[in-house]
Every structure is written in structure tokens, then in C-alpha cells.
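In what follows, chain A forms one complex with chain B and a second complex with chain C.
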Partner chain A sequence: MTGSRPHERDVDPVTGYETTGHDWNGIRELNTPFPRIVLWALALAFLYSVIAWILLPAWPIGRDFTRGLLGLDQGEMALAGYEKLEEARSDWMAAFADNPVADLAADPGLLARARPTAVRLFADNCAACHGTDGTGGPGFPNLTDRDWLWGGAPETIAETIRVGINSTDPDTRFAQMPAFGRDGMLSREDIVAVAKHVVALGHGQADPDSRGAAVFAENCVACHGEGGKGIPDNGAPTLISGHWIYGGDIQTVMTTLWNGRQGEMPTWQDRLSTAEINILALYVASLSENDGERDR
Partner chain B sequence: MLRLHYNLEKLSMGLVVGIIVAASIGGAVEIAPLFTIDQTVEIPDDMRPLTPLELAGREVFIREGCYACHSQMVRHLADEIDRYGPYSLASESAWDHPMLWGSKRTGPDLARLGGKYSDAWHVAHLIDPRAVVPTSIMPAYPWLERSLDASDIGAQMGTLARLGVPYDDARLANAAADALAQSSPDSDGAAGVAERYGDNVAIRAFDGDPSRLTEMDALVAYLQSLGTQTRLPYAIMSEEQP
Partner chain C sequence: MIRSLTIAERQTGLFIAIILSVIGLTMAAAARQGPMAVHGTMALILGLFLAIALAGALDKPSPRADREQNYYDEPTRFGIVMTLIWAVIAMGVGVWVAALLYWPEATPPWPATSFGRLRPFHTTGVIFGFGGNALIATSFHVLQRTSRARLADSVSPWVVLIGFNLFCVWAVTGYLMGSTQSKEYAEAEWYADLWLVVIWVVYFALYMRTLARRKEPHIYVANWYYLAFILVVAMLHIVNNLALPVSFAGTKSFTIWAGVQDAMVQWWYGHNAVAFFLTAGFLGMLYYFLPVRSGRPIWSYRLSIVSFWGIVFFYIWVGSHHLHYTALPYWVQTLGMTFSVMLLVPSWASAGNAIATLNGAWHKVRDDATLRFMFVAAVFYGLSTFEGSFLAIRPVNSLSHYTDWTVGHVHSGTLGWVAMIVFGAIYTLVPQLSGREDMAWPRAVEWHFWLAVAGTFIYVVAMWNAGITQGLMWRTYDANGALSYSFLQSVQAMAPYYLLRAIGGVLFLSGAILCALNTRATLKGVRFGVGTADRPLVSQPAE
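Right, the complex of A and B next:
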């Protein structure tokens, strides 16, 4: 660095800006002024922050805080927004809260109106277990067939959704497949025999004179019905439809018989409103109307 | 004013002082509100702290980086209330160190998850998300079925107690035992967990096997506790909603 002359004004002839006045081996550095617009923006931002500080909730003071002249409250605003949302759809949604589900099923216009909401509710709450299309998966029943555990009438489905099955709700529906093996209720030979019988039932090839059939008649019909065709609405599935919750192969049936099963369907009455539950019930009922027969 | 800056730049000590003043204004604005945080964030009367097992599950949640895809905060927006439930209150995470609000939602928000799904679903989903949600892009966590190392839960609770989380002597003394008992409902210790943490604590064999304490037990217990530590958010909703 040679010959620095800091106190002299030195203007660059090309740009018209001042230079720093320093001279590095003949090179001079421009001292371009800070852009005015940035300074203005900064000043405005500062000004806005002061105004916001006065208008909006901003600063804690002991047990309280400065509430701001506008008196805004994020929680109240959110709830007001939510109420508006509810109000906007109340013209059709109120019907679902106020009428018995059975009556609602008779109004196709109303059902069509609710369908997008039903699809969204199902995706947000039910699809994780029952699948996006309601066809279920291992351990989670298919809702598109007509093999109901508890019944497929919309009001029965609504009740199932409300209280759940084996759920934490005090009014829950309750259904348990006993652990015949683990709890020593049947001998291993009997279990193998009845398991084979169940697999055969699923294929419609059961031998009524087999040992398995005898064990079945003695231990299983109380819940699964005569010949395993199910008893409506008691929570135990039919074993002859070929549709399985857990599986109809010999290994899975053995596991079911050995350890028992107690699938849990959560309760939804704390999470969903009556209208939402009714919308879902009608939607679930409609799934089997369309697809059940095609499945078979 | 510009001249002031120009001159300050040539005076290094003056510049240092200027920087300190400017930076401490920013600092004070951010830090000062924290001095009264205990008064501003009111803890609801019915709020309970996480049990030792849930706390261990929270550590697993942090270790596995679940927060990178899942937030734990229902924001103050009508649509979020509609989907997830009551908006989150500051007090709900007052005892979280660190808080896990998160900032990215590759998966859904988890703030109101407790009770939404069954334990069996969580176990199946964590071992292989595709087994229950065929289109899921969530990673699989099959190693969570290994045993839980519960040896440092007590010490961790001690640290949290010093930060103001209400872990009293009885809770601290029984930390490891409570962790074990919460996942074996038929054990002698199960009643103690309910006694120390209240009745809305889930005491179940979360992974389906009461004889072994696994990381899965801890994580599922934690997931089932989310949003259940206080009823206040729900009370606020129903008060406003006739």
C-alpha cells in the first residue's frame, strides 16, 4: 500500500462516485454509498415493529402481558375461524347431527353432498388401519365386504365407530377369541385337528365327520355359529366366507388358536363429532353396497 | 449518521462497543421475556409429567429423528383444528426439554396422536410402515424390538426435576421400576405407576409382550401419551363451542 491520502475527496471519473481515497499500486476502491432504498426499508421495518409492538400482544409483564391496542388473541381468532368453517357447512352438516342415521340413508342428495367430507374423514382417521379404499389388511377387517362382525346397518356401524371394539372407552364393544393353546383349554392334538377343520371351512371342503368338526362343534359354535357361518352382531367372524381378518392358512389359524386374538378398534366419540361419525357410518355402509358382491 | 459509521470503522474499540450495544438490544428483546416465563406459561392443574417409560420413548423419538418428519404442534388455524383437534398450548410443552414442535411435516402432526390408533397398529407400523399403509414413505424401524436400556432414566428425570419438571422423590426413587411396571399390567408395580402419575396413564403391554421391556414399549407408550397429559385444550374448545 503506497501513498494513502485519506482526507482528500477523490471522485472516480467513470462512475461519478467517491473513492475511499486509498491508492493500492494505482488501484482505487469505490466508496459506493449504501443504497437509499435499503435504508428506507430498514427505517420502515423499525417503524412497523414499534407500531406492531403497540397494537399487538408483545411483552410479558409479571403474570400478564401487554395485550396491544387491537386486543387480538390468536386462540380466539383460531376458534372464530373454526366456527366460521363449521357454520359454512352447517346448512347440510346439521342434518347429520340431528337426524337418526337410518333416516339419513334415505336422502341420496344429502349423502352426495357429504361424500367429499366422508372421504377426507376416512383418509385422516380410518385409512391407516382399514386402507384408503376400506379393504383392510392383516389384523384390520375389510369394510367393503358383507361379513360384518357387529352388523352393517348404518346405525350399528355408527355405534361401532362411537365406542370402538376392545377400546379404552367404558362402553366399548367387547370381543375376544380365547387363547385355546396358551391357556390350556384344548390339547395340542385337538387344536391341530380343529385348525385343519377351519382351513377346510374356508375352502368349503370341511368334513363333518372329522375329529376337527367334533372339536369345533363343542368349542367354537357358541361364538362362530353352526358350521362356522357366524352369528350376526356378536363380534366373532364367519369362518366360511373365505375372507379373513388374520388369515385362513394353517399357520395363521394355529397362531389364532394358540394365542387368541383381540383386535382393537379405537373409540372415536372424543375425536369426531356426532355428525362426522354419522357421515362416516353411512359412507362405510355404502362401501359394501357397491363392492361386496363384486368381491366374491 | 453515515459519517458516524464512517468514523467508527476507523476506531476499532469504538466499533467493538457499537457491535456489543447493537447485538445486546437484539439479545435482550429475545431473552427478557424468558425471565417471566413461569408466570406467562400457566401449567394446567390436571397436567401430568411423562412417566419414566414415556420419557425413555421420547428419547427414542429424538434418537431416531422422528421430529424431522413429524411436528408436534397443532397451529392456530381453523383447518388444523378441523383435522387434528384443539390447537396446541404453550403449557403442553412447558416440561419438554427440548421441545419437539418441529418445523416440517413430511408425515402428519402427532400432537393429538394419543389414543388415535391401537398399540398393535403402532408396532406393526414402526416395524414396517408399508405393512399397514402400502403407500407410506416413512422409514422402517425394525430394531426397536431390542431391549430398552432403562438404567439412566432416573438420572435423566433428576436433571429434568432441576429444570422444574415435577418429579418428586417418590417418582425419582421408583423411576426404573415404574418404567418396567408400566408395560406389564399384571405386575405388582403397575398400581404404583397409576398412583404416582394418575389414572389417565396407559398401563399395557405396548408391544404385546409383558415379559420384556423393549424400546418399542417405550416409544409406543410415548406416542400414546401425546396430547393426553392435560384436558385443557379440549376444555377451551368446548367452552367456545356451544
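Right, the complex of A and C next:
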């Protein structure tokens, strides 16, 4: 595509190169020789590509492709990578899969090795609901206090993680707070009375002779225990600790009484290995260790 | 704009406006509810508005007889105004979503303002609304000047611009209503895609017909780039958007592609949207406005032609580098990687050609913020193409993929390269369109330049840090073979970078707003056909 129309020699004073003679409304082009360095760069990039094509899977041939001299396969490489990492962990990870949780709790050296993994597993899997520091939030229990719905021993926690609560697992732990108001089990007046009583329980100021106390004794003690102290490991919380899952103000307690609650924790046994569940259980149990004696 | 049309053209326009109204009415009536009904109503209102305006002008005076002696610049002016409107809106949404990432609690409680709907609003708004209008507007200008010929007709430029903007509005309002094809940069639903195909064919035909009228023996390289942009985007758009609507009376459609083929087609589209929408077209812009503004000849004619074919040939192969370490076969990844590396050569050749063109005009770069925009654009083009080739190498990608490094890379290209060259072109074009020597507020151009450079720099550096931090946190193991960080920790570590990113975005947006206001002030009292030399070669044949 050299200039097809005759033109005067037009030399650019800055570069000393001639122009091509093309002129597009004032735009001209220099007839600069093709820069050698571009050719060398292209040759180098092509050489890199050819080497890659020889070594790696690269070009399709019919229904197959060139395999490359290195014989690499993505799937195999990925699996080998996983296996190598697993092997690096195996000396201590295997112990968590093979031993009863209670025995593991007695091995501080092993626990220390698993600690970083435990922290990461908790943050990746549990923190979304229970909070990064395990203190929970509205609807999600605090794991750092001594109030346990289903027991705070490491093996019990492991079971809760495994099957979940009100989950889709056939062996799930199951607990339900009935909808006393919505389902007409208690009158509105009774609900107001018992709600006041429950709030007072949380503050340790309950009046045992009130109407609320009477309603409580008739309807609530079966799950929440005498005086709301709770019954270990049945899924219903204690009401006297001042720690609340859904909230201890009168409005929230009324809502709970009226609509009921059926909190859900998913089953983790399809997503986490036995070793990982055990590591988590021991970690979660340790979260409440600073909060006085563990409630077992 | 109607005054520049002949009576016959007004009748043609009226006919097209009525067709648009009928299409809109049909869509609205068929769909009855949902995004398609809303979009039909929009088309109906637009069609009726245009029809009334055109019908009312049928008895108004015809344009001056010497109309054909001048370039047709009204469409360019309209396109530039739309460019800046989209810039302010879509960059504003970008700043908004950037702020949400730092401050997610601020998400308003309406579905339309959730991150997932605003994010494609931002990308479509800036790529198609801002970038697309800038490309169409400047292509009309460049095409006419480098061909020394007036646009082949006066109706189709309006069809292209108004139709394209209708597509953009359909797309972004569709996302707000929750309609999406879930294909990145191709989220708009089937009827909007079909509409864009029609518009694009009109655009291509107009371009070719005008080129055929050229009075210059050769086609200037900028036109090659614009043509590649138009042609390849049409191909990509059609193939990636092949879909079956659930019902012709409804919004939802399903792509005909499935599984890894779908992923490959999507990224073949996605990367070539970068290549042919965000690179080829803007290189056309660079190859025209840089020599015009600097008053220098293109440094190497040969390099400009070889780079064009190099870019066009290599780019089309590289989409698979978006799918490293996925279900896509290894051999496709190797091809994507190697072609990405080879692509660096023509990319840098183009950037080098642009920068070498400024030899002999460095004093102008120092003094003229407009030319400096173009210089910085060329530098960022070189930087981001190097980064792109680097990130396409598989082991590098294993660190960078899925991190904010990718976001930083894209913005070094879009803010540093695409937006800078657009602003350079706008500051060259707008005074010319207004018959003035300079913008109304020359000092604001200087302010805009430094706001844009600072914003881009803060944004890109923050995202480099963010991305590399993320990538390293995700792959760090301790001595016991356990991952050192949870995903959550890697998210928490992003907070300072996300704040910086939002600040960079605010700076860049402020510059764009300044540009829009400056343009508005400059275009006031605009007169067309003012330059005596700036005319098509009508009477005399090609030399």
C-alpha cells in the first residue's frame, strides 16, 4: 500500500523520515522503516508459544489434541496437589479422625497443632451465623457462654455439628417452641402475663405468685424446667441466665411466644470430614472455657 | 436536529418512528407485565414523541441548499452529549457500588438497589452507554474527515444513535427490575439483543456506504479499527446471545449454549468485547485525534497497519485465558495463554507508535491537558496490555484469578486508557463543533486531567494491593499444612483498599462531571459548518 498518487518528497523535519504521501484532512504518516525490535519481540513471543505448544497440551487434532511432551493433565495435577497437602497434614489430622473426641481433648499438644485449622474452619463455616468471635447474634446462639441447648461437652457438640438442629438430616436434633398465640394455645392476656414473667426471670426478679408464674408453671416448665432454669440437652434454653437467643425485651419475648421459634442449624456431615468436625467441636467447647465452669 | 433533515427525510423518520411505536405497543400488549411491558411502553413513548416532532416539522422550511457541502455533525454532537450523560450516571453508579463494598450496611432495602443489580448497571452504563456513544459519535466525525465525504444519508445516523441509546436504557432498567441473562457484559435480554442487531446492521451499512463515497484513495487506519469494532462486535453479540425465549410475550430467555461450551462462548465474547469494543474502536479514536491534536504525522505507517492485523488476529484467540484451571480442556487454555503473550507485541507496537508520534510535540504535551489525556491514554494502554498478557500466563493467573487484581486490571484499561482517550477526543471535538478555539473553561480541562490521573492511580494501586493480598491469603499454608487464613479474614483485609477505591472513583467521577459541565457551557450557541477548510471534497473528483 505505497502511495498510489504522485507526490512531492515530503520530509518530516523532526525525525528526518519521509511521509508516505497520504494525506487525510491534514493527517500524514511517516514512512518509517519497520522497527526491527518489533520483529524480534514477535519472534521471541512466538518462540515462547512454540515451546509451550511442544511441552503442554495445545492443539486440537480431530477429536483428540496434542498431549505435550510433559504429559500434563489438569485433573491429575489438581488431585496430586490435594493429596500432597493432605499428606502434609496427615500426621496430626488422622488423629482427629481416628480417636474419640474425649481422648483428643486430653492431648494439649495435638490441640495446639490443630488450633489454626480450627480457627479457620470456624471462620469459614460457622462465623456467618455465630459471629467471628462466636458470640452469636439475634437468632443465633452465643457459643462463648455456658448456656447450651444440646450440651457443651465436645462429643455432644460434635454430634450437633454432624446432624444439625431441625435440619434435613434424618437423625437431626429436633426442638420447637410452639406458637402459643397464633395457634390459640394461650389467650392474649396469658401471653402478656407470661411474657412479663419471662422477662423478669432473666433479670432474677420474677414474682412466684404472679399470674404469669402460674401460666409458666402450666405451659413452659416441661421444656424450660422448673423456674426456667432449663433442662440439660433438650434443646430448650435456660431463661434465667440473662443470655437470650432472640432477645429478652418484652416485645421480642411476646413475638417468640405468639409465633413460636424453630431455629435451624444445618447438618455438616456432608460438607466437613469427621476430623474437621471433631476439631471444630473441641474448638467450640474451648470458647466457653473462660466463662467459668462449663455447664455439662 | 430535525431542521437539518429534508422533507423526504422527515417523512422517512416519521415512518420509522411509527414502526418503533408499533413495536413498543406490541411488546407492551403482548407482555402485559414485567420488564418487557415496561420496555415496550418506553419504546412506544419514544416513538410517539419522535413521530409528533417529525410530523409537526413536515411543513417547516427545508435545510439550506448547501447542506451537502458540509459534514453532518449534529449526530456527533448528540452522541457526545449522550456519552457524557452516561458517563456521569454510570460512573456515579460505579462509585455507589464501590462504596457499598466498603459499607454494605448502606444498601437500601429495595431489590432494585441491591449490589447484584447495580453492578451490571455500572458495567453496561460505562461500556455501552459511555464507551459506545463515544465510539459512534467520534466514528461519524473521523469517518467523514478521513474520507472527505458527508455521511451517506442523514436518517440512519439518528437511527443508530437513538436506537443504540434505547438499547442501553432497556438494558440497565431491565437489570434494576431483575431481568438478566446472567452473562457478564451481555446481561440484556433477548428482545433488547435483537434490537441491537438491527441497529448494528444499520450502523455497519452506514459506515460502508460512507466509506464507499470517500474522496481519498486509501482508507485511513482509524477506519480499519472502527470497522473491526463494528463487524466483530456484531459477530460476538449474535453468537453469545443466541437464546430461546421462554415465551415471545415474556422477558426470560435461556441461552442455547450449555456447560463449558457456554463458558467458552461467553469469554470468547467477553474478552473480545474488551478487544474490539474497548480497544479496537478506541485505537481508531487515538489514531485520529492524537495526530490531529499534536499536529504530528503518525510515526510509522507500516507499524500502524501491521499492528492492526496483529491485534485483530491474536485477540480473537485469547478468551480462554479467563477460564484457566477450570473444566475447560487444558489445550484450550494453553492456546489462550500463548496467543495472549504474542498479543503483547502488536499492542505495544500500537502504544509505541502513538507515543513516538508525539516526538516533536512534547512541549504541547506539557502545555495542553487535552493532548496529555491522549498521552496518558497511550501509556495506560501499554501498561494494561502488558498486565493482561502477564495475567494470562497460567501460573500468574492462579494467583490473580478471582481476586480484585482483575478488577484493577480492567480499570487500568477502562479508566486509564478508554476514558482518557475519550476525554482527549471530546476536548478536541467539542470546541470544533461549537466553532470555538477552545473549551469554555480551559482551566477546568487541566483540573479534570489531574482528577482523572489521581483517581485512576489510586484506584488501580489499591486494587493491585487488594488482589495480591487476597491471592496470597488464599494460598498460604502453615507448617502443619493448614490454610493460614479463612476466607472471611481475606475479606476483612480488603477494607482499606475498598475505601481507597471508592475515593479514587469519586475523584474520577468529579472529573467526568466537570467535563460534562464544561461541554455544556461550550456547546451553548453552537453553530455548524463553520470551518471553511473543514468540508467534504464535493465538486472535484479524487486526485
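Rule of thumb we're sticking to: the second predicted complex is superposed on the first by the 221 of 296 C-alpha atoms of A that agree within 3 Å, B and C clash if a C-alpha of one lies under 4 Å from a C-alpha of the other, contacts with A are read in each partner's own complex, and residues count from 1 in each chain.
Keep in mind that, in the parts below, contacts are C-beta pairs under 8 Å (C-beta built on N, C-alpha and C of every residue); 3 or more make two chains touch, one makes a residue touch a chain.
Computed from a prediction, not measured in an experiment: that's the story for all the values here.
In the overlay built on the shared chain, the residue A:179 is in contact with neither chain B nor chain C. By the document's definition of touching, of the two partners only chain C reaches A:116; chain B does not.
When the shared chain is aligned, chain B comes close enough to touch A:81, but chain C does not.
In the overlay built on the shared chain, the residue A:153 is in contact with neither chain B nor chain C. Of the two partner chains, chain C is the only one touched by A:25; chain B is not. In the superposition on chain A, contact of A:15 is made with chain C only, not with chain B.
Here chain B and chain C are compared by how many residues of chain A each touches, and C touches more.
By the touch criterion defined above, A:124 lies against chain B and chain C together after alignment on the C-alpha atoms of chain A.
By the document's definition of touching, both partners, chain B and chain C, reach A:65. Of the two partner chains placed by superposition, A:231 touches none, neither chain B nor chain C. The contact surfaces that chain B and chain C form on chain A in the two complexes overlap at residues 33-34, 59-60, 65, 74, 78, 85-86, 124, 127, 132. Put simply, chain A touches chain B in their complex at residues 33-34, 59-63, 65, 74-79, 81-86, 124-125, 127-129, 131-132, 137-140, 168, 263-267, 270-271.
Residues 2, 33, 36-37, 39-40, 76-79, 81-83, 85, 87, 115-121, 124-125, 131-135, 202, 234, 236-237, 240-241 of chain B are the ones that touch chain A when the two sit in their complex.
Remark: chain C residues 145-146, 148, 216-218, 220, 288, 291-292, 296-306, 310, 325, 329-331, 334-335, 337-339, 341-342, 344-345, 348-349, 352, 359-360, 477-478, 480-489, 534, 543 touch chain A in the complex.
By the touch criterion given at the top, residues 1, 4-5, 12-15, 19-20, 22-35, 38, 41-42, 45-46, 48-49, 52-53, 56-60, 65-66, 68, 72-74, 78, 85-89, 92-93, 113-114, 116-117, 119-124, 127, 132 of chain A touch chain C in their complex.
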